[in-house]
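Structure below; questions to follow.
Residue numbering begins at 1 within each chain, and the chains themselves are lettered A, B, C and D in the order written.
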Amino acid sequence: MNPSFEALARQLADVGRHCYERGWALGTSGNFSAVVRKEPLTLAITTSGVDKGLLESSHIVEIDARGRVLQGSGTPSAEATLHLAIVRARGAGAVLHTHSIWSTILSDAATDGGVTIEGYEMLKGLGGVRTHEHRERLPVIENTQDWTAAAPEIETMLRKHPEAHGFLIRRHGLYTWGKDLAEAKRHIEILEFLFEAMGRKRGLAWQP
Amino acid sequence: MNPSFEALARQLADVGRHCYERGWALGTSGNFSAVVRKEPLTLAITTSGVDKGLLESSHIVEIDARGRVLQGSGTPSAEATLHLAIVRARGAGAVLHTHSIWSTILSDAATDGGVTIEGYEMLKGLGGVRTHEHRERLPVIENTQDWTAAAPEIETMLRKHPEAHGFLIRRHGLYTWGKDLAEAKRHIEILEFLFEAMGRKRGLAWQP
Amino acid sequence: MNPSFEALARQLADVGRHCYERGWALGTSGNFSAVVRKEPLTLAITTSGVDKGLLESSHIVEIDARGRVLQGSGTPSAEATLHLAIVRARGAGAVLHTHSIWSTILSDAATDGGVTIEGYEMLKGLGGVRTHEHRERLPVIENTQDWTAAAPEIETMLRKHPEAHGFLIRRHGLYTWGKDLAEAKRHIEILEFLFEAMGRKRGLAWQP
Amino acid sequence: MNPSFEALARQLADVGRHCYERGWALGTSGNFSAVVRKEPLTLAITTSGVDKGLLESSHIVEIDARGRVLQGSGTPSAEATLHLAIVRARGAGAVLHTHSIWSTILSDAATDGGVTIEGYEMLKGLGGVRTHEHRERLPVIENTQDWTAAAPEIETMLRKHPEAHGFLIRRHGLYTWGKDLAEAKRHIEILEFLFEAMGRKRGLAWQP
């Protein structure tokens, strides 16, 4: 039996406050979702404009596959389109989006369309990865304010990189997902750890 | 109906302890205020010399437009003049001032009178900003111990930069504000995040 | 009288959550053990795949000297072989393994088979060290996914470095131990502190 | 009326756990004292070997001017000699000693016998300092394991630098003090903040 909307809303609020504590969702940044039902698809998702340090289950709404609110009050995140596209393309059970210092810096420094991470034990925390010799390639896409218009480009990118466990938006942050919320939370922690390790190791050779 | 002085004092104490936890108001640094009434203007403001990790509503006083204590006990912050000038110039409902590592470093490194931040998604957390393409220019002013004498200069600076969401005092810290306390707190988090991202990215090319 | 399995399981869960809070065991990384009995040897050890931020005593199992579960449910960490080898070689009462940013970076930068730390007061926190003039040499070994096959190499390394208080696995993390769990926890904190101090001091001259 | 030994022991335990949380007293490092009586002098001081994250008032003893335990159980810190010397030389009411990353790094980098901090607003958090134009000179002394033998040198150094609010021991940490425990805690926070700001700004040009 799947968790109910109410249970997912509580869990999303916990994950959101956790990301805030770690400094990955300051201000009202970040948005978080989990699949409530697959057929027809409905999603529990954070509403916009909420201080993530004060996130509670009442700040989560249930939306349908077109982004319309079915339950709860508030406006779903303006990036709901992205969450829905990821769920469809990857069969994800949860999608998490954070704004961290190191994902912002690495996304900005990437010059060949992506960030490549290879040879770290922590990579084994990504779903299906069984060795540190794994090579993870995270695409970096340009930022926009019109994710509805950008949806086809996102879907193309997701198809072109079927093995990526996440992607970065330039000077913006990280999207990652998982089969359920626990896996998506683990992916956030693994990828943020690796961004920080790479960022600190690489040094600060580029300039603004 | 506006929050009462008592409610604002509790909220200011919460914000102050939060800033302390984040390392933005260590020692007894930092001061925080919120407008209680507009006509005539009165302000709830932290008293000086208080450990912000132990800040409670009893450490907040209500002052009038000339800085005289109307309610509560203790000496209002020596920078009350700045808070009052900002409230008048910007119509702000709350003013927050923090001393963080990165604002100290960036304010010191600025050579052209300001810090410019451009192209980051996090900028959208600033009131009225709708795109990451926003260009935020934060003036940097010189430090002084006589803010009463400096008030005209501050007012000139605020008029010259009508769109700035904050300003820096060199080797001292950040002032930001908002229509209410929640917005001002969001501005602190957004600007501190951006200072850290820029500081880490830029590297450490300058010397003391 | 030794602590019971139940008491050790509770203490291991406390240490695990603590390491998670410090950022040394993000995702499901890290594993932790303590000796329950010496003759015949049994070990309380974390099971694999657990979020260390949610670690509880029910996530700890008791295993024998061949890694078979005697008590509790779940699969012992795939690195149980390493824990057992360290207990045998060093007579340790507890073994802790963490994945931190700085141990990852320093292990990667080591070019002569080890990391040498010398002249810091904090070294006195290592068991038996009475002066900051101590020279600690931590071997760095290559990462693998087959610790059973690597066990002889590990045992050779431990014999070759009888005075080392820990070792690093390249791009993976730290193993350290102690006569009991309190000492092993102290060793984690001492070594992580020294890694961070050295990493920050050394700068970021190497490239990925 | 002065606080009793019991009250000071509780306050010292609070300060110690706070320093541990901030990462300034990891392992069992750091020691903390406060004057109980002036005539004849007695001091409440932490005992050695205690995990500062678990520090409680039962880990504090009262000692006399020659370091003998008058009340409580445990061995006073091996650096009690330093605490007593500082109390005598400065008339301090409390002495705090921490081991932080940045004090370790800055103490190591100092080549002219001290660290100079000048022009920062945060300096005003030091007792008696009324302007950011203050120039704070913190002596750096060499580390030793025999503080009883080194006591005359420490006393000479304290006399030579009558205005210093603290001093550093090379690759070891910071000593600071205050008229009471609240002021000493403030001094720790102010100096640690300034060390971090200077360390980050200065960059990492020196090598181990």
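Just so we're on the same page, a contact is a pair of C-beta atoms (placed from the backbone, for glycine too) under 8 Å apart; a residue touches a chain by one contact, two chains touch by 3 or more.
Keep in mind it's a predicted model, so treat the numbers as computed, not measured.
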- [ ] Show which chains lie in contact with chain A and also with chain D.
- [x] B, C
Task: Shared interface partners, meaning chains that touch chain A and chain C - done: none
- [ ] Could you say what rotation angle superposes chain B on its sequence twin chain D, using C-alpha positions and rounding to the nearest 5°?
- [x] 90
TODO: Could you label the chain C-chain D interface same or different, taking same to mean over half of its residue numbers are used by both chains?
DONE: different
Task: Most distant chain from chain B by Cα centroid - done: C
Task: Length of the line joining the C-alpha centres of chain A and chain B, rounded to whole Å - done: 31
- [ ] Compute the distance, rounded to whole Å, between the mean C-alpha positions of chain B and chain C.
- [x] 44
Task: Touching two or more other chains - residue numbers and ranges from chain C - done: 203-204
Open item on the list: According to the definition already given, which pairs of chains are in contact?
Closed with: A-B, A-C, B-D, C-D
- [ ] Provide the residue numbers of chain B that touch chain D in the complex, in ascending order.
- [x] 23, 26-29, 51, 53, 99, 101, 104-105, 108-109, 143, 145, 169, 171-173, 199, 203-208
Task: Partner chain D, residues of chain C touching it in the complex - done: 18, 119-122, 125, 130-132, 182, 185-186, 189-190, 192-193, 196-198, 200-204
